[in-house]
Structure formats: C-alpha cells, structure tokens
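Look for chain A in each of the two complexes below; its partner is chain B in the first and chain C in the second.
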Partner chain A sequence: MPVTYELISSNVLSSSAASVTFSAIPSTYTDLVLRYSGRMDAGANKILKIQVAGADTNLSYTRLVGDPSVPSVTSARGTGISWAGYTDGSTMTASSFSSGEIYIGNYASTSANKAFSAYGAAEQNATDARMMAVAGLYSSNSAISSITLLDISTANWVSGSSFYLYGIKNS
Partner chain B sequence: MPATYEPIATTTLGSAAASISFTSIATSWTDLRVVVNGTPTANLQFLLRFNNDSATNYSGTDLDGNGTSAASNRYTGDTGIYANWSAFATSAQPAFITYDVFSYAGSTFKTALTTFNQDRNGTGFVERGVGLWRSTSAINRVDIVASANSFNTGTTATLYGIKAA
Partner chain C sequence: MTTAIEVNCSTGEVTERPLTAEELAANEAAQVQAEVDAKKAEVEAATKAEAKAALLSKLGITADEAALLLG
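Up next, the complex of A and B:
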C-alpha cells in the first residue's frame, strides 16, 4: 500500500503573524488537510477565514455554530468569503489554543468546483466558548495551489501557533 | 513508524450509479474512513450500509444547518446511516462527505461519525452526525447508497484503512 497521508509543509510561528499561507502546493494529491493549533492576539472567539490564492474571491460557505454562553446552535451562510472556524483570542484563558481542521476535496481539479469542510473551536474552561462546522465551496475550475488562514478582522496569530498541511492520495 | 492511513480502494464513476460498493474488506486495519466527493443527478440522501444489510438495523443522531436555521434530529430502525438525514443533496455543487467507522472488525455494534458538506454559493447544508449499526459482525463490505436518483458521473468514493499500530 502507498503512503497516503503525507506532510507537505508545516509552519510553527516563532513570532506573531497576520496570516499563514501555504503556497506552491503540488497537485499530486487527491485531497488536502490543514490542521492547526492557534491563538490570536486580540479579543475572544476570533473568527477565521480561509482564502484561496490570497483572496476571498469565489468562496462561499454555510456554517453551524455552537455557543454555550447562550446556549444556542445557529446556522448562517455567506458568499464572497468563507469562514473556517473559531480560535482563542487574547482575552480568553491564557495558554488556551484552539484546534481545527480544513479538508479540501479534489483540490487539484481543473474541471470542477471544490467542496470542503472546516471545523474549529475556541475552548477556555469558561462559559464563553464557540465551535463552528463549515461546508465550504470554491467556485472555480482552477486547481488550488495556495491557501491562507487568517482572522476576518485584524488580529494576528501568536507565536507558538502551529499549522500542518497534509496531502492525501486515494491510490 | 508503520504506514497507518492507507487507501484500500477507490472508485470514480464512469456513468451515473445508484450505489458504490467496496467488497472483500480485510480485517487488517483498526478503523475505516469513507470519503465521497461528487454530485447527485437529482435530490438524494447519502446512506452507508454494511455487509449488504438493508434491514432496519441502523439509527443515528445529527446536528445540521441550512444557512438560516439549525436543528438536531434522530432516526431509528432505518436502513442505513445517513450523511445528510435532514436535507437532500442537490446537483447544484459538489458535496463532500466523510464516514469514520470505528473498530469495524470487532464484535460489538459499530458506530460511525459522519460529515456532510454542500455549500451552493447562496444556499447550502452542513451536517455532523453519528450512526449506529446494530450488528456484532465484522464489516467486510461497505455500500454508499443513493436514497433516490443516482450519483453523477465523476463522483469519487475512496475507502481508507487506519491502523492503530
């Protein structure tokens, strides 16, 4: 059997950064998986978004959000952007880092739109936390060769945040 | 380190089909993962069945959202584990579905975690769920079944095996 879940690239931040980008992604896999552990330098329950080729263009999403502070579960959607989960912010319990995963199917296709899933949560041993599941769409026939993960506003990833991009082959 | 995430089999449909089957699954792994990426010919639900069992031995619970409201639902005595129990997948955009089947070769009832993702650029549906197959048999066959209509040409389904050691 071939090895199929391979690390393409990783980035463990040694200083804060507004965004993390994986570029020059080879088209040799079937699917991509981005896994991360992160925290941001402002606010609470920071909302992440994913960009393709450095832009929100052609992205859309449907989200499912759990908010235990209400408590409530809600759903909403957007176009021209894709949210990708929550992450801990600076006003949340110290040293609490969020975890999340983005799974992009058929990313190298040059003939089809790309569906993806995302899941990310901010947990801090307190009531104010969030979790988000996302169904995303990249409406383009272009292969995806660059993805970026960042706050929807202006917060930065803090040092120690880590990001791992894997490629999965189906044969 | 041993390889622990391996493709067992993959199918890309050359013509529309109402189901995709993986048979003669060995007991070599700890867990199974099924990944489906494709479109329906028309509205349908994705079901997973084991060992060609279409009797009412399945149940599940889901959490879902359609972009305007969220809900949780359950089904019992059903004929498969649904990825999208609460809404149809449509032909508008690709749907991305995963099933994680745990301890598939064991002698207890089998559970599967499910995800369904189909955003349609203005509408969409997202679902996360859990399903149960009330059988103590080891799983040696997996069928991905359309509740109605068919999976379109080009739909890809892959079965992966995951080893604990």
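Up next, the complex of A and C:
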C-alpha cells in the first residue's frame, strides 16, 4: 500500500442506523476512497445510494447490474440521485455481509465536476447474488466535504457494518 | 427509532441523531418510488420475455437455435 493511501476516518456500527455520513472531510488529498462491509435490516439485494452534502442534488449515474435471474448484464441511467451498489438484506443468509467501494476523484476541486466510480456486491454463499458497478457524476464546482451512504428506501445498516474512508495524494 | 450516524473527520467525533421528519418523509417517498420502479421493471421484463417467446414460436426455432444464428 502506498504511503499516500491514508485512513481518514472509520466507523463500525454498534447499533443499526439508516445512514452513515463522513463529514468535515479534509481537502488535503487528491482522491477519496470509501470502502465498506455492510448488511441491511430488510429485504434482499438492497440498493445503496450515495449523497453529497446530505442530498441527492447534482448527482447522476449509469449503472451496470449483474443479476443471475436475468440472463445478461443490464444497464440504466438516472439523474437527481446516484445508486452505489447492492448490499445484503435481512432475508439473505444470516451474518453475510456485502462489500463495496466508492472512488471519488478530484473531490476537493472548486472548479470542476467530480466523477466517481462505485461497486457493491451482495453475496450470501447461495444462488442469488448480485453485483452493481456505477459510473457517477457530481455536477458541481463545490468541493466535497461530506458523503453519506444509505439505502434508497427505508432499510437500516445493521450493527457490525463497517465503513472506512481513505484519502489518496498524488505526491 | 431510526437514527443517522455522522463521523466528523476533523475531530473524530461520532454523533448519532434521530432522523428528521423531512428525512423520514423522503425515505418513505423513496420506498414508494422504489416499489413502483421495481414493478415497472418486472412488467418490462415479462413483456420482453413474452415477445421473445412469441417470436421464437413464429420462427419455429428454440432460444438455443436463435443464439446460434446470432452468434
């Protein structure tokens, strides 16, 4: 691991929560990486979304979905929101947690939009598992200092879900 | 009670707060929209599958044979 890949902050949930936010992110890095391992308290193959500054505003995305119930990879696009991957839900194999990552380039820029990539795989050591890859855009010149990861509807992260925010410097 | 977790990266402080009424309302609206979207996707997939089956039947070939033709 390069020395420029530094842990900024982390959180392991000790109780359930609807959302996890990293705020007051320092602007001293070039890129951000949010890695997580999580599970939701409802449904299966729960869809995550990312918010910037606590809102869906100025976000858009294109997603690729690999779903064993569909015989091919499907794609779609959305605006005014950005999905960020799948995560395990409560009806999936007990104690199975998903993994995922969001990479935000040039997050501290005050003169350009910010592109990001995300993936999240819901896995349960059984037949049904899904994977989503996202190409996202934050169409704003504002620096990103707060990001939130949550379900697109009303599910909560369960206790034990963990989140790690890293900063990458280009020098 | 539904809560939100916030990690302040500058201070390291972790705060937990209940969701606001606006956040709860937004989540409920998102839930409704998600269900609508899921239903729409189901209908579209079923319609496409039916159209594909009808076309294969009209052509008198199987899906595997159609794949061979397109490959």
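Going forward, the second predicted complex is superposed on the first by the 168 of 171 C-alpha atoms of A that agree within 3 Å, B and C clash if a C-alpha of one lies under 4 Å from a C-alpha of the other, contacts with A are read in each partner's own complex, and residues count from 1 in each chain.
Everything that follows uses one rule, which is that a contact is a pair of C-beta atoms (placed from the backbone, for glycine too) under 8 Å apart; a residue touches a chain by one contact, two chains touch by 3 or more.
Keep in mind it's a predicted model, so treat the numbers as computed, not measured.
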(request) In the three-chain superposition, say which chain, chain B or chain C, touches more residues of chain A. (result) B
(request) Would you sort A:T57 into first (chain B), second (chain C), both or neither based on which partner it touches? (result) neither
(request) Using the superposition on chain A described above, determine whether A:T91 touches chain B (first), chain C (second), both, or neither. (result) neither
(message) Touch test for A:A133: chain B only (first), chain C only (second), both, or neither?
(response) first
(message) Going by the contact rule set out at the top, does A:I25 touch chain B (first), chain C (second), both, or neither?
(response) second
(request) Would you please give the residues of chain A that touch chain B in one complex and also touch chain C in the other complex? (result) none
(message) Which residues of chain C touch chain A once you look at their complex with the stated criterion?
(response) 2-12, 14, 16, 19, 23, 27-28, 30-31, 34, 45
(request) Spell out the part of chain A that touches chain C in their complex, as residue ranges. (result) 8-11, 13, 15-26, 47, 70, 152-154, 156, 163, 165
(message) Touching residues of chain A toward chain B in the complex: what are they?
(response) 1-5, 30-31, 60-65, 73-77, 79, 103, 105-106, 112-117, 133-137, 139, 168-171
(request) Within their complex, state which residues of chain B touch chain A. (result) 3-8, 10, 35, 37, 63-70, 72, 93-96, 98, 115-128, 154, 156, 158, 160
